[in-house]
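In structure tokens below, several structures.
Okay, so subunit A shows up in both of these, paired with subunit B first and subunit C after.
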Partner chain A sequence: MADLLPYLIGGLANGALYSLLALGFVLVYRATSVVNFAIGEFLLVGAYLTYTFALLLPLPLALLAALPLAFLFGVLVERGFVRPLLGRNVVAVIMATIGLAAALDGGVQLLWGPDLKYLPGSLPDLGFEAGGVYVSSRAVWNLLLALPLGLGLLWLLRKSRYGVLVRAISEREVAALALGIPTARILAGVWGVSALLATLAGALLAAASGVGHNLVFFGLKVFPVAILGGLDAVGGALAAGFLLGVLEAYLPGFTEALPFVVVLLVLLVRPYGLFGERQIERV
Partner chain B sequence: MLSVENLKVVYRGVILALDGVSLEVGEGEAVALLGPNGAGKSSLVRTIAGLLPKFEGRVLDGKVRLFGREATHLDPVGISRLGLTAILEGRPLFRYLTPVENLMAAGHRLPPKALKEGMEEVFARFPRLYERRHEQAGYLSGGEQQMLLLGMALLTRPRLLVVDEPSLGLAPKLVGEVMQTLDALRREKGLSLLLVEQNARAALGVVDRVYVLERGRVVFEGSAKEAMEDQDVMEFYLGKEEVGFRQARRYRRRKRWV
Partner chain C sequence: MKRREFLRRLGVGSLAAMGFSRFALAQARPVKLAALLPLTGPFAFAGNAGREGFVDGVDYVNEVLGGIAGRKLELIVEDTGYDVAKGTAAFNRVLSRERPDELLFVYGDSTGLSKALAPEIARIGLPYSATSFANELADPEKYPTIFVFGPTYNDMMEALLRQIRLQKGKARIALVYSNTEFGRDPIPYVKERAKALGMEVVHEEVTPPAFTDATPVVLNLRRANPDFVLLQGYALSAEPLILRAAREQGLRAQFMGTYYSAELVLIQRAGPAAEGFTVTYHNPYWYDTLVPAVDEMRKFRQRKGRDSSYRPTYYMGSLAVALGVAEAMRRAAQAGKLTRAGVVEYLEKIGDYNAMGLVRGYQFVNHRIPYTKLYRASVKDGRFNAITDWLKLA
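So, the complex of A and B:
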């Protein structure tokens, strides 16, 4: 059993990043019904932003500097690409996010170059050994940031006034508008938070293994994670991220295919995903 | 308070829903807007609430003035700030949220203390809602949902309340109850009320004046008393029983040529 523990820790460390990214993805889907295919690029942009700031500042400060900018980036994407297409066919918005993904891919390579870069600094070493098991600094940082943030966000969504408004808008935007709720501002905020979460995941990934275009492939995994948790279940995204991270750690070698296989199997039994909500129907 | 002048509204560029409607609601006044299905009642509600673009509709001509200000193309948030709250048709509450959360959403502009007091007031008025305050609102009964909607509307602190078909799908006894609640609230808070209804009999009991809309035009305008004395309105909107099918048909034809 003790031999397997390091795998568990490694899996949770990876899973924490999946969770962060999936949270960002599901939050937007839940609030606006937009499937954001550019979420992997959000992560990429976030990683490069952190890298740029890290050239000037120590890494923890660089991360802090990158986050507000990422929020702004999310808001701008909503204003520029999503808002003008609201009310149109959902496919139009989805196509726009695919186009945005391609544009960001290219833009990032133009701006920062195609080669893999390593951050000049690193996060303070928090690794420790307990009972013969070594817990890496990376794992500690990932869990330390992702878990409270994820749970905090869940709490906000469940209990805070702002969270209630987000859920209200996501259910019936017209009804929310009729009550004078400023839906546009709140939805822009949701995109901002989504970009912020993706940036945090990107920065943590970059701190561990450098910044390069290949980070996009990490972003691809968000889809199986989100579907596994239930596309509209924010808590589900958090849990499914960790679950998939751990599964991957125990079944190495299948990492590319594994998430999709798991999704297929789960959807066979639970078509709404593990934590997806059932619809209320009154006849 | 609210004045609508010669309003023409079109959906998707071709479907004319309102064809020159003019209407007034004065300070503290209760007005009913009656009419059959497809007369344009809900289109009027959407227009004055600023929600027309959400339904692919557009104002072709005419004006809406709210509290002395031009409000034809104002957005819903601005209109709500001015003091108009519209309860749209079809029980527009948030079904996955609990009554408490629905009220929180509605009272989004209130500071925390005022929100808490407002909620307590709503729960005091509707004890049934208090009992079920932590259940999903989608599982409340139709009457309870209507009460919740009224409570939500109150928490937006309106000066003019527009209610679209509150009686829809309710048992006759409940319809009476809803109307009475509306009436009591209006008097208590000094609200103006625009009550949009198909159920004319229920509405006439609680309003001062009446407009009857048909095919996008106002075909009758007068006090509630006049409406009750008017042959046409009585026969065809209050559904007097002795009217035969042939007469009803002749009436329809006549109105269409107006």
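So, the complex of A and C:
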């Protein structure tokens, strides 16, 4: 058991990042029905923003400085790319986010150049050893930031006024508008939160492995995580992220195929994901 | 002058002028070298540094060495995005656009792309090299026009295994490699050779080319308890993570890697965990100022108003290819054989040339240059320091 524990910790630490990213992705899908194919690029932009601030500030402060900017970035994406297409064919919106991903890829390379970057500072070392098991600083930071944030966000969605409004919009946008709910502002906020979560994940990744285009590939994992948890289940995204992280840790040679195999198997039994709502359409 | 005489002279003059201009044009026709590089995508950092090396090399040939026997050497650059389909499309685009008597060399990207293109390259007799050091490409019988401008991955592993044998006779080694053509290429050779040298391969870990958490990989290694761990197929995407995780988890094994791990950014990313990481590398580093090529290119870049701060290993590799190919072209031109076949012939005959020390010498053996040095990372110096002289691998 002691042999398996380090794998579990490593898996949970990596899963925490999947959860953060998937949370933002599902939040946007649930509120706006938009599948954001640029989520990996959100992470990339967030990592580069953190890197830029880290050139001037200690890393924790750089991260704090990057988050509001990331939120603003998400809001701008919603205003510039998504809102003009709302109500259009879903394929048009999907194509727009794919186009956005390509534009962001190119933009990042133009702005920051193709060279690999590494963060000049690091987060304070919180690694420790207990019972012969070493828990890395990276794992501690990932869990310390992702878990409370994810759970807090879930609580906000369930209990706060803002959360109720988001849920109301996701249920019936037209009815929410008729009731005077500031739909546009709230949806922009949802995109902002999604970009913020992606930035946090990107910054934690960057702190561990540096900044480069390959961070985008981490973003691709969000799709199996979100589908596994259930596209409309915010809590499901959180749980599925951790689940996938742990599975990957025990089977490190299969991390490319594993998420998709798991999704396939789960969808055979639960087509709406592990925590998704079963939807019945009457015709 | 009578009108008839004037018209006749005008006609003769015009014809002569047309003829001369055509003649002059033929003389001025450039010789072309195409580089298909990953300018975007996950390896954009290497592709762009490589492009810089080619640009400098070609400019140096034209401005300092007088071109190729009076003809201008022209560089064509295409982006592959490190994607075999995009790379193949770029290759076809260049080949269909350029004249066969002008396009005399193509430099491609990745083991996957090069293996995919190899049969077609052999069919059309196109001189070719690539970022790849795959063993399969260094086979003049099968691919008579493909050259590997350095040791193959098998050769690099041979150098590492020899070093291991020097340090510990019956060593326990582990192999960690990516599940790509690049990663898998030397693995069968390493296993066979390690066995022949009396070593034991105690663990094999196949991973994706990039990942974000190396803890499981390192935990598996810790259970296997190797003396040495050989990394292959990552190009800086995973090595720093593995080294850091190994240090955190208390793994005592010594880590080693090949050419694409030999870049300073590895030390910067891995920090203290990089100490002692041993790599193969066969060009000089930008900080090896005693090498004439480095000094010359620093000055050349300064004259051109280009950034003369540290240039990565990928720059040095491309520069070495550009100068080597230009030398073969120049010798082929002097012999009146400036054709694709002529370039192949003279690439095989430029063993006495070393591009001011960029390589030990372009002494191709089975179309690869089987020499390398071993370098060891020093965190204090922030660089790789040579721990051997040239090792002959064939």
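As a working rule, the second predicted complex is superposed on the first by the 278 of 283 C-alpha atoms of A that agree within 3 Å, B and C clash if a C-alpha of one lies under 4 Å from a C-alpha of the other, contacts with A are read in each partner's own complex, and residues count from 1 in each chain.
Heads up, the rule we're going with is that contacts are C-beta pairs under 8 Å (C-beta built on N, C-alpha and C of every residue); 3 or more make two chains touch, one makes a residue touch a chain.
As the structure is a prediction and not an experimental result, all values here were calculated from the model.
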Original post:
Given the touch rule stated above, what does A:Leu179 touch, subunit B (first), subunit C (second), both, or neither?
Top reply: first
**OP:** On the superposed three-chain arrangement, identify whether subunit B or subunit C touches more subunit A residues.
**Re:** C
Original post:
Which partner does A:Pro271 reach: the first (subunit B), the second (subunit C), both, or neither?
Top reply: neither
**OP:** Please indicate which partner A:Gly106 is in contact with in the superposed arrangement: first for subunit B, second for subunit C, both, or neither.
**Re:** second
**OP:** Examine A:Pro114 and indicate which partner it touches, taking first as subunit B and second as subunit C; both and neither are also allowed.
**Re:** second
Original post:
Who does A:His213 touch here: subunit B (first), subunit C (second), both, or neither?
Top reply: second
Original post:
Of the partners subunit B and subunit C, which touch A:Glu171 in the superposed model: first, second, both, neither?
Top reply: first
Subject >> subunit A residues contacted in one complex by subunit B, in the other by subunit C >> reply: none
**OP:** Flag every residue of subunit A that touches subunit B in the complex, lowest number first.
**Re:** 87, 161, 164-165, 167-168, 171-182, 277, 280, 282
Original post:
Contact residues on subunit B for subunit A in the complex?
Top reply: 49-51, 53-54, 56, 76-77, 79-81, 85-88, 92-97, 101-102, 104-106, 108-109, 136, 138-139, 152, 156
Original post:
Contact residues on subunit A for subunit C in the complex?
Top reply: 3, 6-7, 9-11, 13-14, 17, 105-106, 109, 113-116, 118, 127, 134, 136, 138-139, 205, 208-210, 212-214, 216-218, 248-250, 252-253, 255-256
**OP:** Spell out the part of subunit C that touches subunit A in their complex, as residue ranges.
**Re:** 39-42, 44-45, 47-49, 179, 205-208, 210-213, 215-217, 219-220, 223, 236-237, 240-241, 244-245, 248-250, 265, 268-269
